[in-house]
Amino acid sequence: MTQAVLDVRDVQKSFGAVTAAKDINVSVPEGAVYSLIGTNGAGKTTFVNMVTGYIKPDSGVINFAGRNITGMGPRQITRLGIHRSFQIAQLCNELTVEENMVVAATIHKSARPSFWRNAHGAEARERALATLERFRIAEHRNRLIPELSGGVKKLLDIAMAIAGQTKVMLLDEPTSGVAADEKFPIMDLVIEALRAEGVTVIFVEHDMDIVTRYSDRVLAFYDGRIIADDAPEEVLSDPDVQRYVTGGAA
Amino acid sequence: MNSTSKKFAGALTALALAAGAAGPVAAQDDTFKIGVITFLSGQAAESFGVPAWNGGKVLVDMLNEGGKLPAPYDQKGFGGMNIEVVLVDEAGGATKQVQEFRNLVQREEVDAVVGYVSSGDCLAVPPVADELKAFTILYDCGTPRVFEDNTFEYVFRTAAHATMDNVSLARYLKSRDVAIESFAGLNQDYAWGQDSWADFTGAMAQLYPDAVVKTALFPKFGAGQYGTEISALLRERPTLVHSSNWGGDLQGFVIQATARGLHERSQIVLSAGDHVIPQLQQKMPEGIYLGARGVNGLAAKARGGELQELTDTLWDAYEAEFGVFPVQAPFRMWQALLGLKTAVEKAMAENGGKKPTNEELAAAMKGLSWDAPSGRIEMALADGHQAIQPNAIGTTKWNAEKGAMELIDIEYFDSRCVNPPAGVKSADWIAQGFPGAQCD
Amino acid sequence: MRTNLMLSAVGAFVLLAAGAVLLPDWAMFLCAMALAKGLVSLGIVGMMRGGLVSFGQGLYYCLGAYTATLVAGQLGVSDIFLLTLLSAGVCLVVGALFGPLLAGYRGIFFAMLSLALSMVLYGTLAKLTVLGGTDGLNIGAPTFFGWDPEGRALQTALYLYVAVLVVVAGTLMRIYFDSEQGLITLATRDNELRVEYLGASVRTVMSYNYVFGAVLGGIGGTIAALALGHVDPEFAFWTTSGEFVFVAILAGYLSVPAVFVAAIILEMVRSFSNLYFPNTWQLALGIFLLIVIVVLPNGLGSLVRRRKGDAT
Amino acid sequence: MDLAATILVDGLIYAGWLFIVSVGLTLVFGVLNILNIAHGSLYAIGAYAAASMVGAYFAWGGDAFPYGSYVAMIVAALLVALVLGPLLERGLLRFFYGRDEVLNVLVTYAVFLILEDVMKLIWGVNPYFVYEPYTLLGDVEMGPLFYVGYDFAVIAAAIIVGLAVWLSLNRTRMGKVVLAVIHDSEMSQTMGVNVQRIYLGAFMAGAFLAALGGALTAPMISVTPGLGVNVIIVAFAVVIIGGLGSIPGAAIGALMVGISRAASVHMLPEAELFIIYFVMAIVLLFRPEGLFAKTQARKI
């Protein structure tokens, strides 16, 4: 068995009276693609936020490649190679698509960006363009963010996260806000790109077709707990999952 | 980028044009143009700036009409020239004042500048005045540092510096045999308050070596609320409480202190307190010892003597125009303008009646002495650049018949009794026990 | 790109230098002061690009001015280059000390804390009678490598010196704004969370901007002190800082020359409203401020320089 | 009376005044997200209005019932709020909602400058006095010290203001809506709240409180130009200490500043100038957003 690259042990988190995470235990092997399902408020995003350091667990331990990362901030965790995308695309609205990409590429390239080298230089732009082309959004490169469609925003958000030495990628609802006919092409692109580089992927998803098609394993969340942790078809046929998560519709 | 350069060019052109448009407004030979700078806004406007310029305006109008004042001030304007005034607000700090001074001299091309209440401005402006060779009169500010730390050729101060205010207070106490066991101070937390307190404690150390300093409070300038400070003064029970506060800060302090009976527990002395009498009237308690930074206001009115006619003429004109009697600030403006008039006319007598240059004015002003409603002004210190003048301290007393606050037991101090002699710094003079003081 | 920048810099200097010949004395002085204050505002513009506005740049303006005055008065140094360098150095050290502390704060808290710091300096100087208290200190005219000019020559030399500083500082800041770090600063203004999640430290970004602002503030203060011949604690008062912020807002964060144009415009408006409305100049200035904010929400710079992709 | 008790009484009196002048500032910030420098001008205008109003009251035979002057003071503050509130909020500030906080500070700074001169145009530069209300309530003897009854009336007024604000926010429907707007104006807008009316109401309440602060201060001082500028900085400090937008925060902030300032005046007068910044620095060091700041959780 491959070694667990991400290991979450006994993690708890509550916000006042609301329990957002209870007894969370997850072990993700290197190179695997996991999906997280559950209704809104079930604890999926809390899980992503805890792993990426946006919120700190009340108790429990999160290990990454054998190293304890519990309590580290987003920046430290990002520097270790755990990257993420966002449910609401987090972009810089006053910058163009290309500039967003240059920012990401520059930061990923070096911890000490230059105060002298022009960020709008040919070299930086070419590098950014390559990534944009890879995600097929290069045609939008000179547009400002508010002018973009949901799908392009989402892709740019993900592209910015991937630009570096990613070891684990957490995608928070990569297809939300994306037109129905764009969902599969986007997932094809993203998952293929990540698999090609051997990146471990964890994504949050509501569309069960996408879950079945792209993930090796599914974690079903309900009320802050993981109620199922298995291969997609097993989880989706689980009666608890059907009752609390998929609502029998699947 | 090119368009930004164009923009920049545009702005500079506009500036150059504005400069041209505002350009030569130099006074003609039959007009003498003065720049007057005093507080028209902010806290010092009400107490000093506005009354000073009110007084100035009355005087300038009378002079321009001619023959309104007794000799030697009966000639029209300055040596026959009409007086024209450019008025500038002193509020805004020394930085602004230096810029405005340059504008007055270089853009408005005034023939003389008369101004400055704030001692910060009085320290900042003189070097520039000398650099521009512009004849300048500091008419009000108090800090001795202006001429004690530096020498200037074109700058003159026609009012005595603040040392005499507090020395006179201490002398008044001594001459009236007031027993002082301890004293405390409440002064504004800026140079004026700090310097006044230092002068007063210094003078007291000479005249009352056994008196103990209880507490020295320095509430923020413009604090308005003195509740806590008054509690501290009530607790400490000093024989005497000294304050150099002025304007709103003084009025607030007096109102709050008397409501809590501080004046019944301690003798209150105010080094510059006369100017709040018209406003406070009955609210000013009786028995307060106060000065007016010169023989100004009520003390000048009560003095009598040969200056009575000059004083009364200006006093009545002022009262008729503004419905209130003049306090210290207009007196200082009067002595400045009358000094300027004397200097201009002296210079014209020497140069054959032409409008005097800055150099001729400076030469005429140096060591000059003249009469003003506040007494004989002598440019005796700092090589003829710094005035000395007599001072007076009195005691407040409510006149129920007239319904007015009066000053009684006024004691007049000769210029040379309360001012240091030439060449001696004020602080040293006090510390050495007033060497060379000539008191009657 | 850099060639264009260098050409613009040379062009700007030639323009400014022309002022030394064309402008009357009072206008040259006004411009020298405006340019010195513009340097301080340029530092605020640098912070504004990262989304922060310091309401306390008076701290460095004052610190630079007092450093120059004390060094000149106590040690007898009058060389303008040395004085500028020393003040900039002092401000660099102090800025590096406070920068990382303040960089953790955002928005109005950053603004108010920086204001509080400058007010503490104001209070301390007002208390220190040895340094002249609220009355402040005078500083003699500067020398230039041993040359000791007077009158118009002194004013011209001072003006040209500021012009050189403005062009050099403006060019360097432009290079910085366009650099990788500069772009990250802009990204931070937009979305701090994203920048942190890319692995860059927002705090570091802001600290650098703060330190640059401190150095520029110190240089501006030194020039102002030398031009005025006088310093007082008012340099650190909140209204002084407010003026710097106003110039920065008037200029906007897009264009560097706009900062200096804005500074000159403000000085002119103030000077003329002072003269023509001695009793209501605050009213005139207030109305002018409002008009500018309403008419030019993104500052003067938005007239000449737009961000790419901006459709309008 | 021993030192500690004196410090406490002096501190409470000052804190009462501080609370009244700063609670309006924090309310306006909480609802409109504007840090209003012109709060100081409204304070000064309140003082002038009260001085004029009380003067008029006595001129028209108020001597028969001098206590009516207190009503005149409150009416003056109300008038200021009714006239200037809508004028500033509807006429100016509403165009800047949602803009940068610091830009809004500058807008109010411009208003401050304008109002400074407008006051001069209306009231001139001569001081106004209305000391009758100050001495009307008699003296209070506490040990060896005298206090003026009015000082305690200010404390009482502060408590009443605090309670009134708290009750109207927490115990009325309208108040709850205001709290919702403070918490999240976008959300409440989508929930059908008439945010415009709330903004206007909150600004007028803030203006009233500022003017009331001025009106209550007027009898103790001479009302002169430049009154507003000194109030702004202390009120800012109190509000920052307590947490912007927090009413209880303003109360605690006022108490902390009031009592530490009193302690400083009695025991270490040299430090008085710095004490307010000192308290502020200490608080912000441990709680960067003030004592009672609203938490700004952001959904990502």
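Here are some notes:
We call the chains A, B, C and D, going by the order they appear; numbering starts again at 1 in every chain.
To be clear about the criterion, a residue touches a chain if its C-beta (ideal position, glycine included) is under 8 Å from a C-beta of that chain, and two chains touch if they have at least 3 such contacts.
For each chain, UniProt lists the protein as follows: A = Branched-chain amino acid transport system ATP-binding protein; B = Branched-chain amino acid transport system substrate-binding protein; C, D = Branched-chain amino acid transport system permease protein.
The model shown is predicted, which means the values in this text are computed figures rather than measured ones.
Core chain by CA centroid proximity to the global CA centroid: C. Between the chains B-C lie more C-beta contact pairs than between any other two chains. The geometric centre of chain B is 36 Å away from that of chain C, both derived from CA atoms. For this pair, chain A with chain C, the centres built from the Cα atoms lie 43 Å apart. Between chain A and chain B, the centres computed from C-alpha atoms are 74 Å apart.
Along chain C, residues 126-127, 193, 279, 281-282 each make contact with two or more other chains.
Contacts with at least two other chains are made by residues 90 of chain A.
Residues of chain D in contact with two or more other chains: 116-117, 120, 270, 273, 300. Those residues of chain C lying in contact with chain B across their complex are 4-5, 7-8, 11-12, 15-16, 18-19, 22-27, 29-31, 33, 126-127, 129, 132-138, 140-141, 150-151, 154, 224, 228-230, 232, 234-235, 237, 240, 255-258, 260-261, 264-265, 267-268, 270-272, 274-275, 278-279, 281-282, 300, 303-305.
Across the complex, chain B meets chain C through its residues 1-5, 7-9, 11-12, 15-16, 18-19, 22-23, 40-41, 86-89, 92-96, 98-100, 102-103, 105-108, 119-120, 123-124, 127-128, 131, 143, 145, 149-150, 189-191, 194, 198.
By the touch criterion given at the top, residues 52, 73-75, 78-79, 83-84, 90-96, 99-100, 102-104, 106-108, 111, 113-121, 124, 142-144, 147, 160-161, 164 of chain A touch chain C in their complex. Partner chain D is touched in their complex by these residues of chain B: 40-43, 45-46, 49-50, 189, 215-220, 222-225, 227-229, 231-232, 234-235, 247-248, 251-252, 255-256, 259-261, 276, 279-280, 283. Across the complex, chain D meets chain C through its residues 35, 92, 95, 99-103, 105-107, 109-114, 116-118, 120-121, 233, 236-237, 240, 244, 270, 273-274, 277, 280-281, 284, 288-289, 298, 300.
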